[in-house]
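In the two complexes that follow, chain A is the common piece, with chain B as its partner first and chain C second.
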Partner chain A sequence: MMSAKTVQPSAPLRWTIGLFLATWCLIAAFPLFWIAVMSFKLPVDAFSANPLTVIFGPQTRAAGQGLSLLDLALGLATLAALYVVAAKKLGGWVERVAGETWLPLGWVVGGLLYGAVAAGVLVVLLPAVAGGLEAVVRPIPLVGLLAEPAIGLTLEHYANIWFEQEFYRNFINSLVVTAGVVTISLTVGTLAGYALARTRSSLAFWLLISALIFRALPHSVLVSGYLPPFINSAEILEPFLGDAAPTLYGQPWAVILVLVAINQPFTIWMLRSFFANIPAELDEAARVDGCTHFGAFRRVIMPVMWPGVITTGLFSFLLAYNDFLVTSLLLDAQNQTMVPAIASFFNRETTTTDQVRAVAAAVSITAPLFLLVIVFQRQIVSGLTAGAVKG
Partner chain B sequence: MRPRTFFAFVGPSLVLMILFIAIPLVSVFLQSFWQTQTVFERVEIENCTPGFPAPNCTTQTVTRPLLDESGRTVTETIYVGLDAYRAVVQPEAVAAAFAAGEDFWSRLSNIDFWKALRFTLTFTLITLPLVVGLGLAIALAVNAALRSLRGPIIFVSLLPFIVTPVIGALSIRWLFIGDGILTNALEAMTGTQIFMFAQGWTIEILMLTYRVWHVAPFAFVVFYAGLQTVNQDTLESAVIDGASRFERLRYVVIPHLMPLIVFVSLIHLMDAYRVFEEVIGFSSQAHRISLQFLTYDFLMPDDSGNRSISRASASSMLTMIGIVILLVPLLMRTWRDYKPRG
Partner chain C sequence: MAEVRLEHVTKRWGAFVGVADFDLTIADREFLVLLGPSGCGKTTTMRMIAGLEDATSGSIYIGDRRVNDLDPKDRDVAMVFQSYGLYPNMNVYENIRFPLKVRKVPASEHDERVRRASAMVELDAFLHRKPAELSGGQRQRVALARAIVREPTVFLMDEPLSNLDAKLRVSTRAQIKNLQHELKVTTIYVTHDQIEAMTLADRVVVMNKGVIQQVGTPTEIYDDPANTFVAGFIGSPAMNLMEGKVERGVFVGQNVRVPGVSTKEGPATLGFRAEDASLVMEGAGERPGEIVAPIYTLELLGDATMITVRAGGALVSVKAHKDYRAEIGDMVGIRLAPELCHLFDAESGARLTPARAAGGVRAVAAAR
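Then we have the complex of A and B:
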């Protein structure tokens, strides 16, 4: 083994590297951090030219909405605790409670439970505790300053978009579409990926090649194919289904199927490479013992496939959740998901209040993704590299 | 695995792909040659106002949509050949621009399709080296950083990659819009008034910046994984032979990463060619549009509620020709990798 000394960077180089990484991290996180800060301020502060005004929000504080240093300390501690729980503990708990077979279901339930608990702690418990503490501390001289508002913060933009503008409907639509896409895409894709990994026929080869071509297609090409039949589907299907013929345009389940199909090429490539890593001897042994192919798949492969499936599922989730083009063209206003819905917020932008509301909507969309990276960082990284190493 | 079993496993996925990818492709191809339009009829309407000695009558010829018995508009589908393509590419306008001589480029960039093509190609080709270079730089830096710092750095780096593209673009736009803090900082530095969204080229720079910010983490993670498998013995011999840090990078590390660089480049080419969300996020349609946005714009209902499906199909087909050209090297590679075993 080479001694570590010889490749140890010299001091100036180490400093350069450190500086470069710090700059990169700043650039990577800054835009997202900044819109999060803006979303909690009154428009005057949020669009101020002075960055300090944006951070401390004097107008927002003057309007009587603010956080004291005490709140801030408590809040940061809570956030840190929630991060540690999500990143370090949650995976272990889920694996222990759910066991191998039910792992994905465990993740879904665990994730939802965690989200609910986190929201409860942040929205109900934290303000109550902080309020109580402030009331105790305030009369004490000097220490009482800790309880005075230091940073302006308001939740009114969130309250406005989520309830008055009914953004929660878009959230539910997003939830339905995303859940549908992930479930169907994984069910269908796992079967196909497994078969593709266990066969050497030229048919499989051509299937994978065409999947690769499909993967590269711009989605607008496909949507121009869907639109006319989707809008007229009631007339087209009438001879077969009679009056029950549905208009596919605007139907969430039709969009789910479309997104599943668009996502299928990527899913089968990725799952195929995961299954290729599971030794074929495993299911061959089960087949020798008298299992059918399906039996071998269910009893032997299913228990060991979850890491790959979860990773692929994350990417399906991202595709469905982040999609703008397909959902904005194929869904009407009342079934709209969150990402296209936000376009109506920022296109309105007549007043700065509208703009800050759009910012708050944007932050609301980003928050679940943020949680996703915290919990699944390892899987995302392994998914990104799996595609590269396997081609 | 017997063909029957194989089909049972692959069946559902195959059906979905045929139904929702292959068939739409064929129908887009056909749609680009046919046009569905409302049938209009010309009718003479006589309007009479009371008058003396005879009522005052005027006869007007009115064009109005033909209605069937149930009151719906009648549509007909006619074969228009390459008309839709002509409407998109506008060969006459190109010829006119060519004849005009020196301001050929500025005239050409007034035509939507050519404007979109120009932007899409510059976008793809300029971001490519930036993404690969920045990704490689971060990967090398993280590889040299303290082990305990690597996890948090990867976490922060993943954020731009995972964020919804439209939202990512918006978050950068809000930093620059109007008197946004970064515009303000730039103005303070240069001492001039800056309006980032008033002209095309500044928006274009923002769009390029956003894309590099968004994709560099992907390149970084892939290269970082590749760096973990660099052959330590080769590196050690290079050190013994007196190779400098740069020479080790040039002759050992980069060749080792070459397949990954090719992979990242191809994926990036495919994705950047589909550039679309930036146009929405930065609202750049007045100045800069992309090929995919051109199709999207045709598909969106216009003021009278019509969608120009056949033009959208024509521009889709043209976009696809570009993708096929980009894909050839990737397909060749897959062919080589798979065929010997297959």
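Then we have the complex of A and C:
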């Protein structure tokens, strides 16, 4: 108790710290909050000089698109329920169904399933239920007010950008690129990281140093190196593949190659340090107990290792998902991933409507990130704080 | 059940020699202890037997099979590690069961065998705990159970007690000794603790710098050390070793003069154990002791008093009666019986006096 008392900062210091953190959170979170609000309003409201107009959207409401208090309550409850399920329940289900050996795969499948179900609930089930309830409530006096629109909200920008302007194609491209980069980086990274953590060869040191040097190279150098062969790949590959030789430029799966080249050194370093924390006695015990070297890796090391794999996977995901330079230079306008696509939406900038649509696209891109962090928060925290794994 | 045979086994890393020309046959059901200071090659030797390290040259046989080119899993050995090597994601039951599972032992036998093994190390109450929820002693017992459950032909134990506290070490040591007796499995045990070696071993191999110094029963290496290294390593306190030279059959050094030790002339090292010497009581008309020197320090051990003096260029200790008291600086005389002294070559450290039959010397000492 005494020691806890002595490290307690003084009241003014505590207030200063609190104030600083609050200000910082506000500054960091405000832009996201603001564009999220804007994206649900008609351009008249979204670009209004009065902040209250932006938030409550009277014009949008007048146009007949609004949320009643009932909708708001239902929506918030649904979001809270989805969060609880993702954060508390999903882990248990996945572990029960997948078992120890298939846990990582179980998480991928579980995460995707959860995302699909959550989208279904929000887009289909929630409006149907809310609409039904409103129809029931509206004829009742006084209580009927709950069903009247209170806040202006429209989904038309989202509908336009996702379906009419085919943003879903960009989404699929992003998914392909990201999944490819994460899969390849983690597969190569775990195998290489394990080998580098266990070897006694001095070659390992030089491999790691050269990996660091490649990681330090500016991405633009790598991309400009890849660009000419990507454009001419059909000619270059013709002697080997004949007429089937593909043009790599503009192909999302070919971008995976470049992003892996950028990401791999970092992945190897990070996974290596996770493996180095696992005592070698564990592999040795498994090998004496009856496993092959690879069997020991799969049955004993990987189950202990996977918080590290999740954490590294998250960083790889973010790199691939958020990449702009590589994807914008190596992909043509028809086949872009989400980030360069959003940039081109903003660049078009003809009407205010176009701008709000671009904002809606920019907000859409953050949703999967939230989902990811919510689902994996436990693993990410344990991965980041994992010290030595002691038997 | 099998004997283990090592023929001229050598391990080299570049120019560094880890183990040099290790040549030994370990009998079926024998408890063999590899003993030496850290870096002496004892663990490397064990790891080569386990298959975790490749021998640079030489052959290793387990039973009739040459195992040099076999994977650890195919050698039918079980190993207990210094820091346990338990699988942290599995509970105790699954840890013990793991070898049965990977070796595809029929599932119907698992439960019975796991329970039998855990009962032998008194772990029945902890089967559902994770290793992180166990104490060090319990973890090491899980490791023992995991080794037992497979019923292997050889047990390998790599300093299994060195992470435990002193009290637990004594009880776990007794448990290991008893288990080995029950199971009758050839056991190779690595330690740097000579008390563990003396208490557990049927035979002890003392190693230094990758070379076997002596192989023998605990009594043999205690009573007849083959060289000054073994003499200085075994026993607590270790054997007193004094520098000097032999002149006409008399060993002469600083403060020391022992007649009748050898006929070989020249520089030599004389060794004796603290309990093989006695103090010369004054005024009894006795001749002066072989060592006469002022007391350097005096330690009360409870069951005895240790007196240390400077002689032959070293500090030598003698065990005296527990009631003996004196001041630092007082002159004492120490009586050495030549037949209880060991003479070593000054250069090589090798023993010069012939080894006496084990136990014989003690009998002489007791009769006096």
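Here, the second predicted complex is superposed on the first by the 365 of 391 C-alpha atoms of A that agree within 3 Å, B and C clash if a C-alpha of one lies under 4 Å from a C-alpha of the other, contacts with A are read in each partner's own complex, and residues count from 1 in each chain.
What we mean here is this: a contact is a pair of C-beta atoms (placed from the backbone, for glycine too) under 8 Å apart; a residue touches a chain by one contact, two chains touch by 3 or more.
Quantities reported herein were computed from a predicted structural model and do not represent experimental measurements.
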Message: Looking at A:11 after the superposition, I want to know if it touches chain B, chain C, both of them or none. Which is it: first, second, both, neither?
response: neither
Message: Contacts for A:333 in the overlay, against chain B (first) and chain C (second): which applies, first, second, both or neither?
response: neither
Query: What is the contact status of A:201 with respect to chain B (first) and chain C (second): first, second, both, or neither?
result: first
Field: First (chain B), second (chain C), both or neither touched by A:192
entry: first
- prompt: So which positions on chain A get touched by both chain B and chain C?
  reply: 293, 389, 391
- line: So, in the complex, the side of chain B touching chain A is made of residues 1, 3, 5-6, 8-10, 12-14, 16-17, 19-21, 23-25, 27-28, 31, 36, 137-138, 141-142, 144-145, 149, 151, 153-160, 162-168, 170-172, 174-175, 178-181, 184, 213, 217-218, 221-222, 225-226, 232, 235-236, 239, 245, 260, 263-264, 270, 273-274, 276-277, 280, 283, 291-292, 295-296, 298-300, 307, 309, 312-313, 316-317, 319-320, 323-324, 326-327, 330-331, 333-335, 337-339, 341-342
Query: Which of the residues in chain A end up touching chain B in this complex?
result: 1-2, 6-7, 9, 13-14, 17-18, 20-21, 24-25, 27-29, 31-32, 34-35, 38, 47, 49-51, 54, 187-189, 191-192, 194-196, 198-205, 207-229, 257-258, 260-262, 264-265, 268, 293-294, 318, 321-322, 324-325, 329, 339, 342-343, 346-347, 355, 358-359, 362, 365-366, 369-370, 372-374, 377, 380-381, 384-385, 388-389, 391
Sites on chain C touched by chain A in the complex: 50-52, 71-73, 77-79, 81-89, 98-99, 102-103, 131-132, 139, 143, 146, 150, 156
- request: Provide the residue numbers of chain A that touch chain C in the complex, in ascending order.
  value: 100, 279, 281-282, 284-293, 295, 299-300, 303-304, 389-391
